[in-house]
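Both complexes below contain subunit A, partnered by subunit B and then by subunit C.
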Partner chain A sequence: MALLSFLLRRLGLSIFVFIGVLILTFIVSRVIPSNPAALYAGARPRPEQVAEIEKKLGLDKPLSEQFRVYVDDLLNGDLGESYHSRRSINTDLSIFLPATLELVIAAVLIALVFGIPIGVLAGAYPRSVFDYATRFVAIAGVSVPSFWLALIAQSIFFSQLGWLPLGSRISRDATLFYPIAAQTGFYLIDAAISGNWKAWLDAARHLILPALVLSAYPLGITIRMTQASMLEVLAEPYVAAARAAGLPRRVILFKLALKNAVMPALTVVGLSFAYSITGAFLVETIFSWPGVGKYVTEAVLNVDFPVIIAVSLVVTLFYILVNLLVDVVQALLDPRVRLV
Partner chain B sequence: MKRLLLTVLLLALLLAPLAVSFAQDRNVFVYGHPVAFPNLDPSSGNSNENVVMGNVYETLTFYNAPGSAEILSPKLAVSWEASEDSLTWTFNLREGVTFHDGAAFNAEAVKKALDRTISIGEGSAWIFGMIESIEAVDELVVQFNLSYPAPLDLVLSAGYAAWIMSPNAADQDNAWFNDGNAAGTGPYMIASNEPGQRMILEANPDYWGGWSEGQFDTIVFDIVEDSTVLEQMIRSGDADFTYSLPFDNYGPLAEAPGLSVVVTPSFQNLLILLNTVKEPTSSKLVRQALSYSFPYDDVVSSLYAGLGTQGRGPIPANMWGHGAELLQYSHDLDKARALLAEAGYPDGGFSLVYTHVASDLDEQQVGELWRASLAEIGVDLEIRGLAWQAQWDLAINDPGSAQEAFGFYWWPDYITPNSWLTGMFVSEDEPFFNLSYYSNPEFDDLVAAAASTSGIDRAAAEGIYLQAQELLLDDAAAIYVVDLPDIHVIRDDVSGYVNNPGYPHVVFFYDLTR
Partner chain C sequence: MAILAVENLHLRFSTPFGAVYALRGIDFELTKGEILGLVGETGCGKSVTGRSVLRLLDDSARITDGRILFEDRDLLRLPEAAMREIRGRRIAMIFQDPATALNPLFTIGQQINDVLRAHIPGAADARRSRTIELLASVGLPDPAQMVEVYPHQLSGGQQQRAMIALSLAAEPDVIIADEPTTALDVTIQAQILDLLRTLQRKRAISVILITHDLGVVAETCQQVVVLYAGRVVEAGSATAVFANPQHPYTRGLLAALPRPGSRGSELKVIPGSVPSGLERVKGCAFAPRCEHVMERCRVNQPALASLTAAHQAACFLHEASVHG
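This part shows the complex of A and B:
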């Protein structure tokens, strides 16, 4: 019951954030000096075409009316139409969003699977060589720009070693000879469902490099946070008691201490998940990964406002949801966190 | 835990080099394409998707590559004729053609397809402005009634908006086409489309032209925005064709084994329109002086690696209506000084504003080279980079307080000198694209006369267009900076490739073999 009312309260607050972003992006898009109708009309439009399109898009109506229409469509789940391509943004996002999510989820999984154990061990052996090495890796992971890391990774694994592909989501030959039947839009899942293992392997190989590069930031954060809170937890009296009782070191570290140490790490990883969606934009561009990042980059270059607004809203939505999820998980894991 | 980590790491490293191999028994051609295809609707698309349209759909007439004996050749129409006043046009259609969806190609289909494009009225559909009505006279005879004389055979060869789609497709909306559906008569059909990433075309086995050994049965467009990657692809043989690489890279590429770099003049050029109503450029002498002050050779050699050519009048070389004998201004500062003195500005002493699209570095560099040259004759040039919309707004609001020099690219919607001459230089009540604000009744009359003659007597029309250009060049309404080159890189084991600037960057895959 407490959980439900907590959820509702948090949701209520989040709606204001969402509305704020909506109003801001909408107003910015209309205030900036550019003529959306001329954009829509394409290269070298005729004046009568521009006037016609203004009417068609409702751009001749007052701003408040335009906003009302937009919100109305939004409530019906319609994000509108791209001015540049005339494609429905809903359709486009249903293609590009899974691509980005596949990449981001893989990156965050890498960060968690490697980051937490490394952080635990670094916390367990402070001032050891391992500790200093992980410190270096963690700080490098957070501070090295992802585009630089991406280029280095490409030059090593593609140009030098020739182990992994340069970019894109799947190789040309796989699309030609082993096309993946689209269902969820996540290539690894779709290929697995249909038992198309050649395409699965191909897609996985394409995923490795961009996911590794994108995981650098959340990995660094996870390591640092886990390590810091491990240090704190290991100094607690109950750890000393457990040690005195003769519990094996592995059990103390990974069962007893980790459970208490993982909390702060979880919060930060949750936030870095949402952050990675925006961080993915650079990585996607370099790896020709056809995701939301590439989509919105193109939209910005074409001043395609409906797409820019829609992507802003979707990213906002992800921030809100992830935050909410982290709060709930935290509350469930730690009874001391009161649901207020 | 450590052991687990190690195992995972080892597994990942072992998996990595396992390249997946696929059976390869098809003749595949790969076009490394630098931009995505925004709008796959044959009625309204007027951008880079023409490279797809040109292979999936066909037009009634076809604009031949420069150097051919005739300007046009038959495509879906086998013959055509115009009435004496060029207001009524009759086209006889090709027999035995079917659309990809099985529908028969006939006069009704042509009417329905073009009516769709005209009624949607977007993109380049305005080129059909002269069409009053379309009648299916007979199964294979279609008649067009025009409201003013025009070269309809040329209009119908356009690389945008003139595509004929099947009657079933004509009933569909824009979303249907953009989902990757299509139904034309062309040699290829869209097999799959991953927006922003890749498109695959398969040969249409029932193509009316028939098929022979060596032609390609699968075409792949790989969308790659990064020109470094594109270059790597064409060098390694991962792509068979590409364009849009940095100008300086074509030299080394031409030397590379297995590659040919094909350089031909395009039908696109860069002009600087000079304000003819505002002091001091309202003086013809000043405009002539400015035309002599422009460093043509420097621009061509430093910006375009010597691959473009200086313009000679507005019409690009290799196009009908281009005059090889027309006046061409040269970089001659003494002449410029003399003309300025004659105009009453012996030491220059005025300043000009040149506007260009801010994101276009070529236009900016053109401005910088020009400024250096102008400084020598005492004229100051302010280079103002603006968003296209802002640049245009400044130009159309009030010519009296607008820029003196407007950097402008032009290309034709269908291949006629009229596109440049009417589009940019015929008098306009409200400025639209005539951003020199040039107004010369004699010129207007000549262009109108040529336009109405061009439907029935192309040679006579060409003569009148040349007369009109002579006036324009004497009045120095614009600086003709450069006729841009088309530069394409193709693997040299592919034969049959000819660049056709009438259809920019379109490769007609049907003509190729390997």
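This part shows the complex of A and C:
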């Protein structure tokens, strides 16, 4: 019960964040000096064409009225239409968002699955060779630019070794001979649901390199954060008490201490997850990954406001959701948090 | 019969300022089924001695000499795996501040369960009923519900009771209680000490009670060991030491106790302060503060010598009376 009311309170606060972002992006898009109607009309429009389009898009109405219409559409689940391609943004995002989420979730899982145990051991054996080695890996992961890592990865695993494909989500052969029945848009999930294991394997092989490259940053911070908070936690009296009680080292490190030390890493990885939805665009571009990053980059270059606003809102939504998830995990781990 | 014997224990810490000689030859024996009070002021080495027994020292600490005999095995020479079987199962520890010595993210039941699982084979529901029994035996109200409770939901006294239950879980033979009542209110202190005494009698456990509070020792202990600057200055049965303190330091400590009836008169103090441990002490460490100091005290270190069968002191004042 305490957990539920905690959740509702956090959710209530998040709604204000969402509304704030909505108002801000909307106003910014309307006050920036550019002419969306002219953009919509295409190359060299006649003035009467522009006027007609302004009317059609409602751009001749006052700002408050435009905002009301936009919010109205939004509440009906309609994100609008791209000025540039005139395609429905809902349709576009239903393709690009799963692609990006699949990539980013894979990257974050890699970061957590490897980063946390490495961080725990590095914290448990400070000043050891392992500690110094992981420091190097962690700092490299955080500071090496992703595009450089992407190119190196391609040159090794595609050009030199030929183990993994160069880019895109799936091979042409797979789309031709064993196509994945689209349901969620996550290839690995869709292929698994339909038992299409050949396509699953193909999609997984395509996912490995971009996911690894994208995981470098969250992996680095996961290691560093976990190691740092383990160092603190291992100095706590309850750890000494656990040792005095003769508990196995494995239990002390990975159960008793880790539960106390895992939150900072989860918090930061949660933030980097939401950031990566658009921040992955370099990796997406290099690996020809049809994701949100690429989509919004093009929209920015074309001053395609409906798309920019829509993606901003989606990213905001994910920031909120991920933070909420982190809060829930924290409340589950720490009974004292539920009281706050 | 001694269940635990500390012999000539020397320990030093390496610090940025140089080596600190924290223990400079500690000797005492814990008699089976008794409570031994390890007394001294902050920095005298009493906690470090307790931690040495379980080998729970920081990396900066090094035991340079001595033996710790438990049932004729030297704990300092046991491999780590054997040591883990002794910790909790044979020798357990109670810590000063239960608020920090209990893991905040696990229920009392989970924490006791971990100890049981590490040491005593058995099914999960057997462990659960054992946990409830333990919580009842330390006087926690509503023990079946206490299993599900987190440390922060308990009062300080209840937390220390839970900590004691935790230390008793694997039925150890020896408990090292490191200032178990220091973080508690005076009224709760008395209850906890009472509980310790009762448990010790019922279960025939031997206890090392580490404290700076002579009052606690007088109330609770059969044996007393007084430490000063990393050495034993006086030891013996509580009755002998309290009735007839022989070392000037023990006398000073006892004189410094506030007593009912002495209200209004000035509290006695021992002038000066404890040596830092950074410099090697020559002669008796207490010499600079001692009112009976003699020439030889500054040159030679007095050894711990028996005055009677149940009373020893390390002071040249008594050498004459012992040998002459």
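The working rule: the second predicted complex is superposed on the first by the 335 of 340 C-alpha atoms of A that agree within 3 Å, B and C clash if a C-alpha of one lies under 4 Å from a C-alpha of the other, contacts with A are read in each partner's own complex, and residues count from 1 in each chain.
By definition in this document, contacts are C-beta pairs under 8 Å (C-beta built on N, C-alpha and C of every residue); 3 or more make two chains touch, one makes a residue touch a chain.
No experiment lies behind these values; they were computed from the predicted model shown.
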Once subunit A from each complex is brought into register, does subunit C clash with subunit B or fit beside it? fit
Included angle at subunit A between vectors to subunit C and subunit B, based on C-alpha centres and rounded to the nearest 10 degrees: 160
Look at A:92 in the shared chain and tell me whether it touches subunit B only, subunit C only, both, or neither; answer first, second, both or neither. first
I'd like to know which partner A:205 touches here: subunit B for first, subunit C for second, both or neither. first
Now for A:247: first (subunit B), second (subunit C), both, or neither, which partner does it touch? second
For the three-chain arrangement built by superposition, which of subunit B and subunit C touches the greater number of subunit A residues? B
With both complexes superposed on chain A, which partner does A:238 reach: first (subunit B), second (subunit C), both or neither? second
Nearest-approach distance, in Å, of subunit C Cα atoms to those of subunit B in the combined model: 19
Contact set on subunit B toward subunit A in their complex: 1-2, 5, 8, 12, 15-20, 22-24, 26, 28, 30, 36, 38-39, 41, 44, 46-47, 121-123, 126, 174-175, 178-179, 192, 194-198, 200, 218, 220, 222-226, 229, 232, 387, 389-390, 393, 413, 430, 432-433
Using the touch definition from the top, list the residues of subunit A that touch subunit B in their complex. 33-35, 38, 41-44, 46-47, 49, 52-53, 84-88, 91-92, 95-96, 113-114, 117, 121, 157, 161-164, 166-169, 171-179, 198, 201-202, 204-205, 208, 250, 254, 285-286, 288, 290, 294-295, 298, 303
Which residues of subunit A touch subunit C in their complex? 236-238, 240-248, 251, 255-256, 259-260, 333-336
Which of the residues in subunit C end up touching subunit A in this complex? 54, 56, 84-89, 92-93, 95-97, 100-106, 114-115, 118-119, 150, 152, 163, 166-167, 169-170
